[in-house]
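So the structure is just underneath, and the comments pick up after that.
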Amino acid sequence: MIDIQNSQDTREIPLQKVGVTDLSYPVQVLDKTEGTQCTCADVNLFVNLPHNYKGTHMSRFIEIFHRHRRNLGMRQFLSMLEEIRASLDAERAFGSMEFPFFMKKNAPVSGAESIMSYRCTYEGEVSGGGQNFTLKIEVPVTTLCPCSKAISSYGAHNQRGIVTVKLRNSSLFWIEDVIEAVEGSASSGLYSILKRPDEKFVTEHAYDNPRFVEDVVREVYLALRNFSKSEKPFAWFQVECKNFESIHNHNAYACAEFSGS
Amino acid sequence: MIDIQNSQDTREIPLQKVGVTDLSYPVQVLDKTEGTQCTCADVNLFVNLPHNYKGTHMSRFIEIFHRHRRNLGMRQFLSMLEEIRASLDAERAFGSMEFPFFMKKNAPVSGAESIMSYRCTYEGEVSGGGQNFTLKIEVPVTTLCPCSKAISSYGAHNQRGIVTVKLRNSSLFWIEDVIEAVEGSASSGLYSILKRPDEKFVTEHAYDNPRFVEDVVREVYLALRNFSKSEKPFAWFQVECKNFESIHNHNAYACAEFSGS
Amino acid sequence: MIDIQNSQDTREIPLQKVGVTDLSYPVQVLDKTEGTQCTCADVNLFVNLPHNYKGTHMSRFIEIFHRHRRNLGMRQFLSMLEEIRASLDAERAFGSMEFPFFMKKNAPVSGAESIMSYRCTYEGEVSGGGQNFTLKIEVPVTTLCPCSKAISSYGAHNQRGIVTVKLRNSSLFWIEDVIEAVEGSASSGLYSILKRPDEKFVTEHAYDNPRFVEDVVREVYLALRNFSKSEKPFAWFQVECKNFESIHNHNAYACAEFSGS
Amino acid sequence: MIDIQNSQDTREIPLQKVGVTDLSYPVQVLDKTEGTQCTCADVNLFVNLPHNYKGTHMSRFIEIFHRHRRNLGMRQFLSMLEEIRASLDAERAFGSMEFPFFMKKNAPVSGAESIMSYRCTYEGEVSGGGQNFTLKIEVPVTTLCPCSKAISSYGAHNQRGIVTVKLRNSSLFWIEDVIEAVEGSASSGLYSILKRPDEKFVTEHAYDNPRFVEDVVREVYLALRNFSKSEKPFAWFQVECKNFESIHNHNAYACAEFSGS
């Protein structure tokens, strides 16, 4: 049967990225407490395509990902990309995998147990020049406005915000530890279950720790620069915060980037 | 050229709805202050299809909508549906049109002018039995938690919420008046621009008017039951509120329905 | 500590629905081949609230759902709702749970194995009057246009479509069997992996089985009316199909409903 | 009233981006045929914030955008950013504005008139070092698979795809001309209205012009490199195509970048 993809292309245009996107797949990732956890991923997988090839063989991406689906820690994700690169004889293979990461959490006073969900994304690239891996985590938090608190006789507007951190490191670290560092930097962390004594606690804690979107970004930045729970400091990171302002119908945003001491 | 859609179908299954969805189109709707306003709609248009027809003629929906696009007040939307019904020789024609409705608003103390956007949806149906029209409006508001206020020594968690009202009436009313009724029933309305004296005002106003999601629904219900800005009372309405809780990563929700006094 | 939610409300407005929405949680559901499967759910849980209560206790919804998360077949979902109803002393408890349902599938010629993802939603309600359960499944398919095939000298436009079925039954049935019935009613089913001989097969199979959006709905309707893989026939079902037309930027849609023979 | 935002920050962390996001606003942009057109924008506006300032003044972004909303051609968008930069005394101001761009189109045989919608995004940046502007346009097209056509006895799978181009140029060009260049590079362009003779035409035209996702990207690349409708060639562009494969539930993707001859 003719292999059109494999035929010669004469337009002399190399393609930086060719592949499959928006693949929905069950996967297993590492979990600090339980060893592994099951979750559901949205997957994008690519290679580069030299100018002289007409097309790539898209079914191979899925075949290789399918075999690795039950063992997709950060390092194993890069091994999977290496296998794609070899199979398609490409200079570079890269891709991303976004999934909800689940973590048990106890309410701050009552200790009531529930599960929180955090969107995580692996972004990896492998080539002859080496490997790159970026972890992205979205952590929802409470932010309470310092200006509103300072100028008002009582109360202060507050809201849910999403802190998005992207991290690169050569040594191992746990997603759970990054989440804790982020939650400790906001006006308050969020919980799936809060009983009344917990609600009193988080309300007062947030009022005692007002943070602009700018403050949250800077506090998370400091926490990640001083992160003690990986062998080496992070080589690079970026911190964003987006506040779903309770007094506006648009959002407030800030972003800082760290690229080495 | 053969007309397959028009051929006989022998499966004896009538179709309640056949048509086009997710059409993106520029439209003009009525505006209380300016006469008309330009906006961008997502449009769904349907007819019923008797069991003996194989298919409908989908291009006619678009041709008719295209001709009416510059004059789509609530009544004109129903006229457009009547034209679809006649053109396709159907018992019933129905459809919906969702669009951002824009309204100028002044900040509560400084008077600073800006524009707020509210998602509106027309839902209409025409048949031999008459016409039905439902207006849906989504109004973002601030809600401040009465429990959090009562049990905490200071502060109270608050957040953006979305109030969704659906209304049916035989007499005319303005979208703008419904929005005002909803905003007046929450802990506070939202604004695109707030200067510092405005921010102080809305912070304190929200703290003075704590509302559970349940309270917002009941207050909007009362405001719509007593709505004085249409000739007749609303024949039917439904009120929902969804709060993007600042202390949780899930939402709180309440809903009430009114179907005549 | 004061319990504001429990206090008396004098506005005399009962609320049909009060609860939590958009909770992201890891769950386990039944799997015909493997016994159970892990997946990720978006959960909404509600009770009704009589007019004389100010609010409900939202943390209890999550506590009860948390305890049931590892055993959420269709019947267990209703048991979980019964427990919410009892705990909150409500007349009615109801809710929904949406999740990707994963199913292994072999390519039609090569037999290559991969996993397909189908969005499923449980919708349940329990009250003194009994229990209701509706299963919703979204099955992506290929549809090839009979009109385009008939009027063109060669080729025929085709596209991905989504068939959405909602089903009610008193006897047990498997999600997997419904998916098979739907896929067999379209121009072709979809696959995550297709090798070249498979691609030839599905291309020709689709061309041999042209289906309007109206045809797909009627064929699925017939397949479900004659469904032989549950003890009893379905008591009620609805079939929708939405085609992401390859020649338009809007979609084509049809819907039929069955409510007993 | 105290100005907390203006107070001194000692954490020594500059913020690359601070501002507002997801603002929904009515705007007017340029239209080759009509002079201007009304549309609805999602707007993000930012400045950088030096390490020694605690916060920015977010209301000013909206005030300035509000004044420019009726005159937002590409150049005027940059002028608006310059005004933000001056008002907030920032080194850099930047932002984006996404909107549906509407264009009248006639069916290829019948000439039937309808409107197509294309998502466009302005991305601008102004600083002491100069101005940058990138236009992004999403053009939906038909793609017909060359492999499926070659290996099958009849038929060929085809589907809707989205071509996304990003362009930078120092001289003026029309959005409409870029859309035409993209549509001419696919298996077929899309239409809101097609009568039967039009449907025959586009079906056969697509079958005569099979294109992999890789081919579409390369053909658009060639068309933009040879683009004759602006005074100067494009300084930089990127072309992506994503196909909503009719035989898979995931998408196929390709991307190429041009950065000068």
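Worth a mention:
Lettered A, B, C and D in written order, each chain numbered from 1.
Note that in this section contacts are C-beta pairs under 8 Å (C-beta built on N, C-alpha and C of every residue); 3 or more make two chains touch, one makes a residue touch a chain.
From a predicted model like this one, the values you see are computed outputs, not experimental measurements.
Looking at the partners of chain A and chain D together, the chains they share are B, C.
Taking the mean of C-alpha positions as each chain's centre, the chain lying farthest from the centre of chain C is D. For this pair, chain B with chain D, the centres built from the Cα atoms lie 29 Å apart. Inter-chain centre distance (chain A to chain B, centres taken as mean C-alpha positions): 35 Å.
Shared interface positions of chain A, defined as residues touching 2 or more other chains, are 1, 23-24, 62, 117, 147, 151, 192, 194, 196, 200, 249-250.
Residues 1-2, 4-5, 9, 11, 13-24, 44, 46, 49, 54-56, 58, 62, 146-147, 150-151, 212-215, 217-218, 221-222, 242, 249-257 of chain B are the ones touching chain C in the complex. Here chain A touches chain B in the complex through residues 116-117, 140, 142, 144-145, 147-148, 151-160, 188, 190-192, 194, 196, 199-200, 202-204, 206-207, 244-250, going by the rule given at the top. Touching chain D in their complex are the following residues of chain B: 1, 3, 23-26, 37-40, 59, 62-63, 66, 69, 99-100, 102, 112-115, 117, 192-197, 200.
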